[in-house]
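Shared between the two complexes below is chain A, which pairs with chain B and chain C, respectively.
And now, the complex of A and B:
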C-alpha cells in the first residue's frame, strides 16, 4: 500500500517540448488505479460468472438483477445509499490508520460501543433536552468511546509493540460481549422481552430523512467525514507526516516527526468515525441499542477501505457500489432461487482478485512517465 | 434422585467437559495456524476455511453416510483454500493479512452458498469414546465421552512439537520462517515451503470445522462458528508458536468459554457475557504484558510480518 507520487511538479519538469505532455503524464499517473482496478473487477466478475455457469444459472440474469436491485430504480438507489452510510464511516476507520501502515480490523467494536454509549446517554437526556442538543451529546459520547477504543489500539501498537490487527480484533469481541452484557443488564429496557434492547428513543429524537428521500441524514454526515478525512490526509501537514510515517517509520522518526502522537491521533480519529456509525445506527435506524447494531458493517468496511486503496474520496463510490450489491441480495434470492449468500460469495471473489491485482501496480511502463522515452 | 445431583461440583465438571468439547476445533485451527506462521506467513482466512470445512464435511457425510469421508473431504477443501492463499501471497506487494480477510469472506460466502441445501438433512456423527463408564454419575459420563478427534489433536500437537525440532521438514520450515534470505542461501525455495505450510494449515483448520458440524454442536448452519478461526491467530501468539502450548491454550480457551454457561447452570447469572469475553481479555492482557516495541515476541518466527 504505497502512496503514488502525484506531484505535478515532477511531470512539468519532464515536459520535453510538447505542450500536452504534462497533461498526458498527469493522466497516465491517475489512470493506473482506475485501469487496474476496473480490470480486476472485470476479472472477478468473470470468475464468478464461471461459477454461476457451472451451477447452471445465467450470469447475465444475475448481473441484471444486481443492477436492478441495487441501482435500477429510485427505490433501490435509496436502499443502496442507506446501506452505504455506515460503510463510509467504518471504511474510514480502516483507511486512516492504513495510511500510517496499520491494519486495523476491529472497527466493529468501536461501532458497537459507540451505539451503546449513544443509547446510554440518551436515556437521561431525552427528558429535558430538546432533540438537537440531545443528538449532539449522543454523537459526541459515541465518538469519544469509539475514539478511545481504537485509539487504545494505536497506543498499544506504538508504546507496547502490540500488533494492531490482533488487538483490534480481540477488542471487537470484547466490545460485543460488553454490549450484550450492558444491553441485557444495566441498560435493558424492561419492556423489551424477546430482543433485549436499551430504552427506545422518543419518536421526536430520531435522526430524520433527507428531504425528498428515504435516506437518513447519516449519509450526508458520512460523506462529510470522508471529504474531511481526505483533506486531512492530502492537504494538511498532519496528513503529510502520517503518510511519511506510513511509508517509512524510521525516516519519519529521524526527521523528528512525532510518530507516536500521529499513530494515537489517527487511530483515535478513525475510532470516532466508527463510533459515530454506531450512534447513527441507533439514532437513525434501530431507535435503541441492541444486538442488531453488530451487523457486520465493521467488517464490510475493511473490504471497502482496501478496494478504495485507503483513499477517503474513493471510499464514497465504492461504499455505494457495495451497498448496492448488498441491497440486491433479496431480489437475487427471490427471482433466481440463489441463496442470499450469493452476494457474500461474489464479494469474497472480487476482494481476492482486487487484492491480487495490487501486484500489478508499478509494473506497466505506460503509467509511469519517468520511464517514457524522451523525445528529442 | 440424589446421586444425580452433584451440586456445585457441576461447575468444575462442566468446565472440564466444556474445555474438552469446545477446545477440539481450537486445537486443530491453532496447530494449522502454527504451521503456517512458523513458515513466516500469517493466514487470517482460517475462519473461512473452518466454516467451508464444516460445510464440506457435513455435505459429504450426508451424501456418503460416512463422517470420516466428510473429514477427508474437508481436509482436501481446506488444503485448496490454503493453496489459493499461499499462491496469491507469493506475489510482491500483496498483503497477506488483507488476503486473509478476503479469503475469510470468500470461504464464508461459498460455504453458505453451497451449503444451503444441507441445512435440513442430518449427517452421521463422528464417534466418541466413553471414558466415564466407571462413574455412576451421568454428568461425569457425559463429560468424559470424548471425541476421537480430541485425541488425534493431542497426538498431533506432540508430533508437531517433535517434528519441528527433529525432522528435516521441520527444520526447513523453521529456517524459512526465521529468515527468507538464509533459506534462499541454503537452496530452499521459500515460496514453495510457505505454499505447502499454508495448505497444511488450511487442511487442519478444516478438520476443526468438520468437528463443529459433525460432532459438537453437530449440525450445519450459518452460525456454526463463533469466530474460532479468527481466535486461532491470537491463540497461536498466546502459545508462542509452540504446538504443545497450542494444545494447552486451546483447552484454556475452551474452559473459559464454558465458564459462563457452567456458572449459569448453578444459578450465577451475573456477568454471563463477560465470562464469554474472558479468553479475549486474557489473550489481550498477555499480549500487552509480553510485547515490546523494541524486540519481537520471544519464540516468534523472524520473517513473520505480524511481529515486525
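And now, the complex of A and C:
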C-alpha cells in the first residue's frame, strides 16, 4: 500500500497532495501490522514446509488440504467459524488485561466456572421461565462468576503484589477441581452415571444456530464483544487511561489515574467474557456442564490474543484463521496420515515466528509517516 | 484362484467408480447407495492412537478392518468432546464420504453424535459405551460395549498369586460405575486366591493425568503394594512407574507387556477387531448393523494378554481354570453374600449376578477389602 507514495498518478496531483497525505499516513500506519503479520505467517509456513519435507511429505499437498479443510467450501468455512467462536471470548480475556500490561493466562478457569454457573442457575428456572429471560439469567450468572474469578486476579495483583500470570494459572486448576467437585457432587444429575454432568438444559433453553448457517449465535455475541472491547479501549477515556497505565504505571499514577480500579475493572471485564464463553459452551453446544467444557479454549485464546497483538478487532480474523487450522487438522490426519501433533507443531512454529517478528515493528520507514520526506 | 482374481478386479473397478463418484459429487453422500461395494468408515479417538490404552485398543480394531476389501478407513485422533467432534463427523461425511462412523469416546454420544445423527439420517453411527436406548435414540445410531470386569477379575487372580505383601493396588480415574466395577472385580479375583488380600484404590479424578497417575503408583508402592493395575485412558505411566519400582503390573485396555516385559503378569484387553469386523461385514452385506451390541470374554469382545514370566505355575493353573469358566459364561464375579467396605450388605447370600446384569451398571460401592472411598 505504501508503494502508492511513488505512484505517478498521485504525483500528478502533487498540488493537491496535501489532501492525499493524511490518507497515505493513515494507510501506512494501518499497513504495518498487516504487512509484518502476513510476512511472519508466510515465513512460518515456509519454515514448517521444511519440517514437512523432512518427514517425507509434500508441503504443497499439505497446504492444499489446509485450504480445502479450513476455507475451501461453505462447509469448511462454517467448520472454521464454529471452532473460532469460543476462541474470540477467551482471547478477549487475555487481550484486555494485556493492554494494562498484565499477562493473564487463566481464562480457562473463568470459562469452566461460568459454564457451571449457567447450568446451575438454569436447573431451578426450568419450567417456569421462558427461554429468553432464562438465557439472560444464565449469561449474567456466568459473567458474574467469571468476572469475580479473573477480577480477583487483578485485585491480588494490584493490592497484594501477587504475580497475575501465576495466580491466574493456578486459579484455573482450582476452578477445574471445583467444577469436578460440583459436577460429581452437589449439581450432579443422578442419571449421568458414567459421565458426571449437571442436569441437562431443556431443549428450549438451548441457543440455536444463526439462520442459514451451521454456527450457533455465540459467534455473533462474541464478535459484538470484540467490537465493544475495541471501542472501549480505543475510543473511551477508560481505554485511554488503561493503555496509559499499561504503558507506564508510575506515570499513570502521577497523572492521578485510578490504576487500582482500572486493573480490577479491566480484569473483571475480561473474566466476564471468559465466563460468557463457558455459558455458550453449555447452552449452545454441550447442553449441560461436565468435564468436556474444560477443552482448552482458555489456553488457545492466549495464542489468539498474542497473535492479534491484543487488538480486539484483530482477534476476529486471527481466531478464524486458527479455527481453520484446526478444522483442516482433521483432514490432514485423514488424508496424509500425519499425526494430530502436525497442527500443534504448525501453531507453535507460527507463534514463535510471529513473536520474533514483533521486533520488526518501527524499523521500517515506509510505515512511519513522521520519517517521510516532506514534499512541499 | 481365477475366481478370486476376477473378484478382486471387480472390486477394484467398483471401488474406483465409487471414488470417482465421490470426487465428482463433493458434498453429496454416496455412501449408502454404494454400501455393499465401497465403504468409507470413520474412526474418531479422544486421545493419541498409540497411547497403549483406550484409544490404541480402538485403533488396533480399526487396523483390522482397514485390511478388509472395499473398506476405506479415515481416522482422526485427539478430538475433544466439543463442537470439534461434531465437525469432525460432518467433515468425514461431507469430505470423505464416510457412511459409517465410530466415535469411540464415551463423551461423544450426547449431544454430539446424536446431533449429527439427526442431521445425517443416511449415515450410520455406532458409539462405544452402551448408552443407546430403543425409542429414545435415532435408529441410525447404536452402541457397542464389552463386559470387561471379568477381565479385571482374572487380573486379580494373577495378582493374588503374585502378591507377597497381600496388598494390591488400583489406580483409578473417576469413581463412576464402570471403574468401580473393575476395582471390585480386581479385588474379588485376588480374594478368590487368598481372602486376606486387600486392595488400595486411588482415584486421580481425570481420565488422563500422567503426573497424578505416577504419584498414585508411587504412593501405592510406598505403602507396600506389590501388584498394581489401573483404569485410566493410558496405562503407560502406571505400568512403567510400577515396574520401575519393582512391583508387578496387570494391564488394562490394550497390551502393555512391551513396556514391562518382566513385571507384566497379564492384562484385560479390548478385542475391538472382532466387533468392528462384524459391523463391516454386515454393512457390506446390506444387513442391519444392530443398535445394541455387547459381549464379554466368551463373545470375543474382551481378551486377556498372554501370561508373563512373573506368573507362577500354580498361578497359571488357577488363571487358566478361571478363564475357562469365564469362557463358558458361567463365571459370576459379583455374588452374595457381599458387603461393601463400610460394612453394609450389598448383595444377598442367594444372589449371583451374571456379567451382563443391569444392576451392575449403577454400582456405586467399593466391596469389603477395598481400601479407599468413592467420595
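Methods note: the second predicted complex is superposed on the first by the 355 of 376 C-alpha atoms of A that agree within 3 Å, B and C clash if a C-alpha of one lies under 4 Å from a C-alpha of the other, contacts with A are read in each partner's own complex, and residues count from 1 in each chain.
Convention: a residue touches a chain if its C-beta (ideal position, glycine included) is under 8 Å from a C-beta of that chain, and two chains touch if they have at least 3 such contacts.
Just so we're clear, the structure is a prediction, and the values are computed from it rather than from any experiment.
Undergrad: After the alignment on chain A, I want to confirm one thing: do chain B and chain C clash, or do they fit together?
TA: After superposition on chain A, chain B vs chain C: clash.
Undergrad: In the overlay, answer first, second, both or neither for which of chain B and chain C A:180 touches.
TA: A:180 sits against chain B and chain C alike.
Undergrad: Does the superposition put A:342 against chain B (first), chain C (second), both, or neither?
TA: A:342: touches chain B, not chain C.
Undergrad: Using the superposition on chain A described above, determine whether A:194 touches chain B (first), chain C (second), both, or neither.
TA: After superposition on chain A, A:194 lies in contact with chain C alone.
Undergrad: On the A-aligned overlay, A:287 touches which partner chain: chain B = first, chain C = second, or both, or neither?
TA: Second partner only.
Undergrad: Is A:125 in contact with chain B, with chain C, with both, or with neither (first, second, both, neither)?
TA: The answer is neither, since A:125 touches no partner chain.
Undergrad: Looking at A:160, would you say it contacts chain B, chain C, both, or neither? Reply first, second, both or neither.
TA: A:160: touches chain B, not chain C.
Undergrad: Applying the document's definition of touch, where does A:334 land relative to chain B and chain C: first, second, both, or neither?
TA: The second partner, chain C, only.
Undergrad: Between chain C and chain B, which one touches more residues of chain A when both complexes sit on the common chain A?
TA: B
Undergrad: Looking at the overlay, does A:356 come into contact with chain B only (first), chain C only (second), both, or neither?
TA: In the superposition, A:356 contacts chain B only.
Undergrad: When you line up both complexes on chain A, which piece of chain B, out of 169-177, 259-267 or 277-285, runs into chain C?
TA: That would be 259-267, the only stretch with clashing C-alpha atoms.
Undergrad: Overlap of the chain B and chain C footprints on chain A, residue-wise?
TA: In chain A, positions 177, 180, 184, 339-340 sit in both the chain B and chain C interfaces.
Undergrad: Which part of chain B faces chain A closely enough to touch in the complex?
TA: For chain B paired with chain A, touching residues are 44, 48, 84, 88, 91-95, 97-99, 101-113, 116, 222, 227, 230-231, 233-234, 237, 271-274, 276-277, 280-281, 283-284, 287-288, 291-295, 306-307.
Undergrad: Which of the residues in chain A end up touching chain C in this complex?
TA: 68-69, 73, 75-76, 79, 82-83, 85, 177, 180, 184-185, 193-196, 281, 285-287, 290-293, 295-296, 326-327, 330-331, 333-334, 339-340
Undergrad: Which chain C residues qualify as touching chain A in the complex?
TA: Those in contact with chain A are residues 26-27, 48, 74-84, 86-88, 90-92, 94-96, 106-107, 110-111, 129, 174-178, 205-206, 361-362, 375.
Undergrad: What residues of chain A sit close enough to touch chain B in their complex?
TA: 1, 103, 105, 156, 158-163, 165-167, 169-171, 173-174, 177-178, 180-181, 184, 299, 302-303, 306, 338-349, 351-352, 355-356, 358-359, 361-362
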